[in-house]
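Labels for the chains are A, B and C, by order of writing; each one numbers its residues from 1.
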Amino acid sequence: MIAIGLEGSANKIGIGVISHPSSNKPPIVLANLRHTFISPPGEGFLPKDTAIHHRAWVVRLIKQAVQQAGAKVSDVDVICYTKGPGMGPPLQSVALAARTISLLWNKPLVGVNHCVGHIEMGRAITHAQNPVVLYVSGGNTQVIAYSQQRYRIFGETMDIAIGNCIDRFARTLMIPNDPFPGYNVEQYAKRGKNLVDLPYTVKGMDVSFSGILAAADLLAGQISDDVSYGKRLKSEEGDLITKEDLCFSLQETIFAMLVEITERAMAHVGTSQVLVVGGVGSNERLQDMMGLMARDRGGSGFATDERFCIDNGIMIAHAGLLEYQTGVTTSLEDSTCTQRFRTDEVFVGWRD
Amino acid sequence: MATVRTITLPHYPSYPIHICMFRDVTNAAFLRSQLLEANPDFDYAFLDPSMILSPSHLLGGTFLALHASLLSRAKTRTPHSELVFRLHPNNNIGEAYRKFGISDSSTAIIAVKLGLGPEVTNERVSQHLGEHVQGESVNVGEEAERVGDWCDVGKVRKVYKLENPKKKGGKKGAQINGVGKEVDERREMESVILGMITLKGS
Amino acid sequence: MSTTNMASTASDAQPPTTPPPTQPLHALPQPFTTSNLEVLTQGAEALVYKTTFLTPSTPCVLKYRPPKLYRHPILDKRLTKARLLAEARVLVKCRREGLSVPAVLGGDWESGWLVLEWIGGRTVRAVLDEWVHKFGLRARDGKTSEEEVKRELDEGLMEVVAEEKESQEAREGLMRLMQMVGRAVGKLHEIGVCHGDLTTSNLMLRTPERKEVVGRGPPRMTVSAQREAAMSGQDPPEVIPVQQEETKETNSLEGDVVMIDFGLATQTIHEEDRAVDLYVLERAFTATHPAAEHLFQEVLRCYGESFKGAKTVLKRLADVRLRGRKRTMIG
C-alpha cells in the first residue's frame, strides 16, 4: 500500500510518499521532500507568513514527490495530512491541499496527529520496540510511553516548548535562523566551555523553560560589547563569557532536564530503551546525553537523523497508513485541523 | 589504668573510637591547659558529659569529625577538635569548646580518642588517661550505653534550640497520629540533633 | 573528574576501557563498600541501600545519588548537593515539628549520600493490597457474575467486610489507618512542606515497638522483610507475619504512619502544591482498587479537619481532579 503525507504544522512544508509492502517487511520511503520558511535573524516565523509560504510550495512539492516516487496517482491508496497540533493558518493551508487532492484523485483521507507521526517514524527507522519517547520540537516537549492503545504522556513542559526556548534565545543573540536556529545554537555551543549557572526547573516528570529563557536573556545582556569591561559577565577564572558559553550553558542545562525526566519515566515503566524524536532530537549533544543515560541503565538510546526527526511528510504518510490499515479514514466533513491535539487522544489501533 | 571502651563505627572499621568517662575529676584545669598548649600527648576530645545526650549523639559527631578529617574537609586543626566543633549546632569553634568542652572547674569528663594510627590502642589510652586524669574512671558499658547518663537534657535542648514538647499542650509530637502515645523525649531529641549536626554549615 | 586526553597518540594507543553496558558501574563513596550494603532499590535518582550506622545494631537507609555521566560535572554537583540538602532540611524540619518521618543520621552532600533512620513495618500500599486480596476472595465466594462482584466492591463493600467480627475489627483498623494518613498529610502541609511524590508506597505503617530508653539496650528499630518486598516492588506476601513477641496484642493494622522518601519534597504553602499532593495520593489509592476510593474519603475527611486552611485545599483538589494533571497544549 502507498500513502502520501502532507505536513505543515509549523514552518516546514513536507510531502512524503511511503510504501508498506505486504507482511512484516519494513516500510520503503519513496519520496521525502521539504521546504522551510526561514525568517530573518532576530525574528520568528509568523503564522500568516508561514501559511503563505506553504500555499506557495504545496503544489510544486506534491508534483515533485509523486514524480520522484515513480508512482502513478492511481497507485496511491490514501492521503494523510497533519490534523494537529500546530499553528492554525499553516495547518489549514495544508489540510486544504489534502482535501483538494483527495477530491481530485478520489482517494480517502486520514488526519494524523503530528506527535504520533514522529513517534511511529522513529520506531520504524530505529527498530526500537517499546521505547520511552522523548518528543522535543519547537512546539512540543513530552515524555511519552505506550500503554494500552495510547501513547501516554508521562511528563511535559509546563510552559514553552524546548525548541521555542532555544529559538527565542537564538533571536536574543541574533543567531541566524538558517538552516534552523537550533542547529546554529548547537554549533555555538560546541565552541563554548564555561558553564554559567541557570535555573534548573524539573518538577516530578514535568519541566519548565520560561524562567530559564528569561535568565539566559538577562545574561545575554551582560555580554554585549556595549557593556563596560567591569560589568561584563565573567567566569570564575575571570574569562569573559561569550555567546558560545551561553549557548553551551543553555544546552547543558535544558538537555540535562530532559534526560532527567526521561530517565524517571524509564524507571517508572521499567524499560531501558529511549527514542528521541522531533526537531531538537537532531542535536548531537542531546543524543549523546541520552545515550549515556540509557547505557548507564543498561539499555540504549535511539535517534533519527534530520531527514526524519525534523518535521516531514513521510512520518505523516507512515502513521496515517498504519491507521488506514486498521480501517480508519477521515471523512471530508471531518477533515478539519486543530491547534490543540494531545498525543494521548489518539487510539493506537495498530499496536498490541 | 582507666576503663576505656573501644568502639568501631560501621563503615569505618579501621578507625576504632576509644571512649572513657571520669567523675570526681580534680585536675580539669590542667587537662584544659594541655589542650590550649596543643600538647601532642594530650590530643583528645575532652567533653562535658552533661552535654552528651546518648551514645548515638556522641558517635554521630564522631563519625562526622572522622569523615571530614579523612576527606581533608575538617574545619579545625585536629580530628579531636573537629569532634568538639561538629557537636555544636553552629560554626563558632570557640563557642563549641565553651559548650561541649570542659572548663577548669569540670568534675566529670568524657574523653574520646580516635584511633587514627596503629600506635593508638585501648591499652595505651587507658594507661595515659589513668596516669593524667585525676578522678574516678567509670565503666561506660559494652556499647558505651552509659555515655548519656550524666546528660542535662534541659541544657542540651537549649543549645540546640529545641522546643520542649511538654510546653506545647500536647498539640504536637505524638498527637499527630491521633494516639496519645508517650514519646520518648530523648529519642526524639536525638533524632533532631543528629540531623542538625549533619546539616550544619551547609 | 578524570581528564581524558581526546587526541591520544599512536604510541600510547590503548583500547578505551568502557564499562560493559549491562553492568553500570557506580563506585560507592567513602566510607561505604558493597560488603556491608544490601540493595533496596535502584531508582532513577538514587541508589538505596540498607545498612547500619553509628552502631552495628542500628539499621538505616543509605541514599546515594551517583554522579550522572550525562550531566556537566559542575551542574551535576550543584544539583546533587542541592537536592540532598533540600531533602535533609525538610526531614529535620519535620522531626523538629514532631512529625513521623525518618530521622537524618548522617550525610555528605559533596559526595552525594544521606543516611536515614530505618522505618520498620509495611507500606500502606502493601496493607491495601492485602485488604483487597482478602476481600476479593470473600466477594467471589458467593457471587457468580463479575459484574455483581464489581458492584459489590463499589457500593457495599463496607457492609460485606463487616459481616463478621473479625472483619469488623479489620474495618476499624483500616479506618484508623486512613485517619492517621489524613492527619499526617495535614500536619505536613500545615508546617509548610509538600511531599511531591505522595504515593501509598511512600507511606509506612510502622510496626509497634517496645519502649526503650535512648542509649540503652538492644536495637531500637524493628526490621521487617515486608519493607524490602514493598520497596523492590514485589508483590506483598499474602500472609503478613507479625513480630513474634507481640502476637498477643498486635494485629497487623497497629502502629503509626510514617511518611518516607522526601526526595521531591518542597517547602511550600501553596494550595496548588498541597492539592496536587492529595491528588497523587488519591490516584495511588484508586490504582490499588476502585473500592479503595471509599477509604480515601476518610483520609480526606481527617485531612480537612487537621489544620486551618485544609478545607480550601480540598476545594482546590476538586479543581485539580477536573483538570487532571495534564493540560491541553498548543502544538
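Going forward, a contact is a pair of C-beta atoms (placed from the backbone, for glycine too) under 8 Å apart; a residue touches a chain by one contact, two chains touch by 3 or more.
All of these numbers come straight from a predicted model, not from anything done at the bench.
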Chain whose Cα centroid lies nearest the overall Cα centroid: C
Centroid-based (C-alpha) most distant chain relative to subunit B: A
Rounded Å distance between subunit B and subunit C, as computed from the means of their C-alpha atoms: 33
For subunit A paired with subunit C, centre-to-centre distance based on mean C-alpha positions, whole Å: 36
Distance between chain centroids, defined by C-alpha means - subunit A, subunit B (Å): 60
Residue numbers of subunit C (touch at least two other chains): none
Subunit B residues touching subunit C - in the complex, by the definition given at the top: 7, 9-12, 53-56, 59-60, 63-64, 67, 70-71, 73, 143, 145-149, 162-163, 165, 172-179, 181-184, 186-188, 190-192, 194-196, 198-199, 202
Footprint of subunit A on subunit C - complex, ascending: 21-24, 43-45, 68-72, 74-75, 78-79, 196-197, 264, 326-331
Interfacial residue positions of subunit C with respect to subunit B in the complex: 30-33, 36, 51-58, 85, 88-89, 91-92, 95-100, 103-111, 117, 176, 179-180, 183-184, 187, 211-217, 220, 256-257
Touch list for subunit A against partner subunit C, complex: 9, 84-87, 114-115, 139-140, 153, 156-158, 195, 197, 200, 203-204, 252-253, 256, 259-260, 263-264, 266-268, 288-290, 292-293, 295-298, 300, 339-342, 344
